[in-house]
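Common to both upcoming complexes is chain A, partnered first by chain B, then by chain C.
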Partner chain A sequence: MANMRVLQPRRKGHFWTTESKLAFLFLLPATIYLLAFMIYPILNVIIMSTYQTSKMAKMLKFTGFTNYWNLFQRKDFWQVMLRSIYWTGLAVAVKTVFGMVIALLLNVKYTGRKVARTLIIIPWASSIPISSLLWTWVYHPEFGLLNYTLKVTGIWKNPPVWLGAPASAFFSVIWVDIWIGIPFMTLVFLAGMQSISQDLYEAAEVDGANALKRFIYVTLPGLRDVLLIATLLSTLWTFNDFNTIYIITEGGPANSTHILITYIYENTFHFLKWNYGAVMAVITFIILSIIAWIYSRVYFRRET
Partner chain B sequence: MRSKLFLAVLAVFLFVPLMVAAEGKAAKEEAKVTFFWALYDGLTEEFRAEIEDDFNATYDDMKVEIVPIAWNLMYDKITTAVAGGAPPELCVIGTRWILDFMESDAIEAVTKYVSEKTINNIAPGAMEAKIGGELMGLPVAAGARILAYNADISDKAPKTMEELRQLAIKVTNPPDTYGLIMPGKKFTELTDFAYYLYAAGGDFFEMEPDGSYGKSAFNGPEGVKALEFMVQLATKDKVVQEGYLSLDRMNSHPVFYTGKVAYCFIGAWVESAYNQAGATFDLKYGQIPPFRGDDGKTLIITDSIALFKDAKNKEAAGKFLDFFYQDKYKAKFDELIGFPPVTISAGKLPQFQTPLYKTLIDAALRAKGWPLMAGFDEITAIIWDANVEAFLGKKTPKKALDDAAAKIDAMRGM
Partner chain C sequence: MKKKRVIKPVVIVWTVIVVCFLLFPFFVMISTMLKPGSEVYVSPPYWIPKKIALSNFIEMWTQHPFARFFLNSFIIAAGTTILTTVLCVPAAYAVSRFRFFGQKLLLYMYLVVQMFSPIIVVIALFKIISRLHMLDTYLGLILVNTVFTLSFVTWMLAGYFKSIPVDIEEAALIDGCTRVQTILKIMIPIAAPGLVTTTIYSFIASWNEFMFALTLVQSVKKSPLTLGLYNFVGRYTTQWEFLTAAAFLAIIPIIVLFLLIEKELVAGIVGGAVKG
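On to the complex of A and B.
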């Protein structure tokens, strides 16, 4: 590619040529869409975060960084922030490990592999709100499939009320997020594994490497970029996972399952504190922008 | 070729807005009324569609779109629509939300658009939304809360809360039978704490001499007694349905309809929900009892239909309300949701002369509503969290309520 660039004479660029005119025209709808539906709302939220707001989101008085300062004084904000980090870290780690193990299993040749590959996609292919509603009923203490199975099989005669206590509610909800997210990781890892040359495995085998060593020295290095991209994407989605938490627990019991994204929603649309909602949205935006920036660096490095 | 392509793209850009404008013009010819319709238990999709179709068939120049929305999501939905500058013409709201909307100048008096005939047919006692002499919401449902009980398990309506506890203990035999339904998961309404608080003679806020609300009062002796009693029932006597802390109103009441629970504090929709669930046990009604020696009250909840100031077709919205408040539709609506009618004419119909309605009318005589104040939704959430903390044993009922009261008073600048 680089050689070709050298061979081609450098064309003198003009901003407004017949060719570029058409290109700009084609770009116009996307640009208008981006400006109207992404850039404007983002700017508006940033501005709103520096204003005192009415209950119907009218910006009343410029207050500078007072909203930020007030929010940082709130203990509940820091608890939610810490939980968001914990939630994201734990969920992404488990999804990565499970995804990797399942991808390895699906990469082995056996009868029924195609069926297994199809089945694994189901949680990811289903709508997240529907999956969350389904799990709400699975966890139901009276009619739920989980407790019923535990009781009937004698595994646990008095199973806990999964969504009734802070710790069990947190782990129950995070499990749903993990359950939904595993197929994506599996598919990405599987695609990555299939792009690793079989010659490398054969060479390793000739050198006497066992399965674990082949995984460590061939598979993992081969998956390095894929692993990084998949975990970064998963981090973005997990940090932003509103549906699962809001549908299953609405942040309860006693606010023990709120993460930043659900807390923004509650402050903004329940309590009508648009300014605090905006401040938290700006903070979320900054965090996710950093992750997105790292992602793009990795992605484009891989492309070149 | 390139210029042809350029012209084609340009043509698309020109035609799309023209088509959109033409569509808009066509839409302008008939005034469209959007109505956010709360999905009360008992309401059916057929009934919603019937009103919509009948109105649209009756008026050529008007069209109604009735948008069904779950109660739990209604507050979020309407505040978002109003804040986004695109309110519907009409929306069913909890009457307690009206002050928030008034504060934001989002709603108008319904009397400006609804006919005098319709207004005069509303029972005066249902007009909780009359604020400063203006009716800011048309009453759509008003019902006191009552006690429903499964007479196959316990054939006695308790006279006091203490008796209720004894009866509940007597019949509880998990996992086959439970004494009482108690939702412990945060819901859009704080009904359960309110039942016990009002039964103990308590209130949410002190009343100032000028009629305004003062400091928090729900952490007073009555409130503490109420929450201690709830905690006792749930965590020590263990007479409430399994997993109460993970169940809100919407998914704990179905446990009652399975026939496994003796008592349930509930609203007027109980009978229609019981029928829809296909329950067969002997369902009876009584009053939510007071605590022994207390001047206990029950809770009455009113919902209203608000008309939004920035909506486009307010005249048509008024016409729709006149249409909907005819007995043919409104009485059927009341019958489906099980609430006593708010219209005088429907109140005289034979279908509303049953034991359930008699119980509801008796309950209304000793009932009181929510505090009508702005920001009550956040206050509700704070008290809910205090309840849950007490259930979880994180705090004593007194400490939990005191902390909640301090937070609410600080928030209200008191």
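On to the complex of A and C.
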């Protein structure tokens, strides 16, 4: 503890010490940067959401909450909001289940396990925009190898034109999002499983618990924190997903694959309705802040 | 014991199925990039090329602007990485070694900010960058990309600095080193593995970035890979044999780099939860 005093002096009444001056000096560049390119833009968007805007993004007239009320009366907005919710819910649920199953598979010791683990990470390690482009080719109705393989192996004799109709397009796109998210879940669950003491499993086995019971009573409780933090983060990332949707379908066909994030982009940069883009960005900001707040509570609870 | 011998082969078979399932698009990529154009647009398609056409790589590189895209991506990613490191090292040091007024709040801000979606700020950033006359420039993209690497890198670096015992640094201070000297001569060398991780992270994040490039870059000349390939699909009748060849070259280095830092990355993201 004596060491700490030299490096971290905290005398009462000496707020502006040499040390804290130095600390502020060190923090200044990064903090100014964040203020200029993150905090100011957020404030700017909040202000813009209360103005009438021109196509050139000029703020014309202060209108208070009019933009908000107008948006809330639009049916398409609620459709997109609703889709954002079940997009996130469905994708996170499937990622969690797949991640858990694959982690259980990888938790068994055998030679070649490391190779399998590495191969499974690849969808996450790859560039999301480029993977999404590859998927549009995989889904190609005429020349795509997915439909060919499904037909040849007899898994699906008459596969759909994946990106052609609203329902199948939605599932095609959400699958790509899930596919990218599975490796993270797997890795985190695997790390969690490996930190559970082997003694617990042995004790359970002595008590006559079968594999399923050992999973429910030993593995799951041991993974509680990991599960919480992984699903929270995954919720955040899934809700934020822009690349897969924009690249694969651009929200179509007939707006059937838009979620809030892509809808903001389209309204702002294609329709040039800056004020509506800003209103939805503010709503996104509020939603993300809530999730981020929960996450940081969990994170800090574990840190200290 | 007997039971375990039955389980293992089952697990291995399922693992192989899962791996094939997850790598499916990459198999498609490899199949297509090796086919000559005449074999790509055949219905029904087939997996194994009849003639291996490595010329795709040469044609892609020389007849289309892919070389340009690679160069652009490299410049932007390198710039972002350098700027991020320069800003983050002192900040991370301050967060890990000093106690000061508002520290908790600041840490909290860094953690929360890294979770925001670029969509929240892209609208205002577009206005800022165009007012600075930096649309369609490398610098504009570098500035904007750094916003989203900054907080996570500071956060991770602070963790590495914290794990270095204070004593080492103190000895140097007593021997007459200045604070900046201790950072350059002691902290950075010891934290080098951590610094490598954050450097790779910034590089990858910037290499894979798409939304800002889509918004802030208009010309083919300044397009990074992600945007360049995206426009290649949209603008031309897509020549997938070239696109898959370019995609292959674009993702291989990124995947290798990612695998190098994957463990640290996961640890940084989930915090203490795994050790729990």
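Simple rule for what comes next: the second predicted complex is superposed on the first by the 288 of 304 C-alpha atoms of A that agree within 3 Å, B and C clash if a C-alpha of one lies under 4 Å from a C-alpha of the other, contacts with A are read in each partner's own complex, and residues count from 1 in each chain.
Here is the rule we go by: a residue touches a chain if its C-beta (ideal position, glycine included) is under 8 Å from a C-beta of that chain, and two chains touch if they have at least 3 such contacts.
Treat the numbers as computed from the prediction; the structure is a model and nothing was measured.
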item: Joint occupancy of chain A by chain B and chain C, clash or fit; value: clash
item: Which superposed partner A:22 touches (first chain B, second chain C, both, neither); value: both
item: Partner chain in contact with A:123 - chain B first, chain C second, else both or neither; value: second
item: Chain C versus chain B, contacts on chain A by residue; value: C
item: Partner chain in contact with A:142 - chain B first, chain C second, else both or neither; value: both
item: Touched partner set for A:72, first chain B, second chain C, both or neither; value: neither
item: Partner chain in contact with A:274 - chain B first, chain C second, else both or neither; value: both
item: Contacts of A:179 with chain B and chain C, given as first, second, both or neither; value: second
item: Which of chain B and chain C A:54 touches, first, second, both or neither; value: first
item: Against chain B, colliding segment of chain C, chosen among 93-101, 129-137 or 183-191; value: 129-137
item: Contacts on chain A seen with chain B and repeated with chain C across the two complexes; value: 19, 22, 25-26, 29, 57, 136, 142-143, 269, 274
item: Footprint of chain B on chain A - complex, ascending; value: 18-19, 21-22, 25-26, 28-29, 54-58, 136, 139-143, 161-166, 169, 249-250, 252-255, 266, 269-272, 274
item: Contacting residues of chain B [partner chain A, same complex]; value: 2, 5-6, 9-10, 13, 75-76, 79-80, 82-84, 100, 103-104, 106, 184-186, 241-247, 251, 254-255, 258, 374-375, 377-378, 381, 385, 388-389, 392, 394
item: Touch list for chain A against partner chain C, complex; value: 3-4, 6-8, 10, 15, 19-20, 22-27, 29-31, 33-34, 37-38, 40-42, 44-45, 48, 57, 102, 105-106, 108, 110, 112, 116, 118-131, 133-138, 142-146, 148-149, 151, 179, 182-184, 187-188, 191-192, 195, 225-226, 228-230, 233, 236, 239-240, 242-243, 246-247, 261, 264-265, 268-269, 274, 277-278, 281, 284-285, 288-289, 291-293, 295-296, 298-299, 302-303
item: Chain C to chain A touching residues, read off their complex; value: 7-8, 11-12, 14-16, 18-19, 22-29, 31-32, 40-47, 86-88, 90-91, 93-95, 97-101, 106, 108-113, 115-128, 143-144, 146-147, 150-151, 154, 166-167, 169-170, 173, 179, 207-208, 210-211, 214-215, 225-226, 229-230, 233, 240, 243-244, 247, 250-251, 254-255, 258-259, 262, 266, 269-276
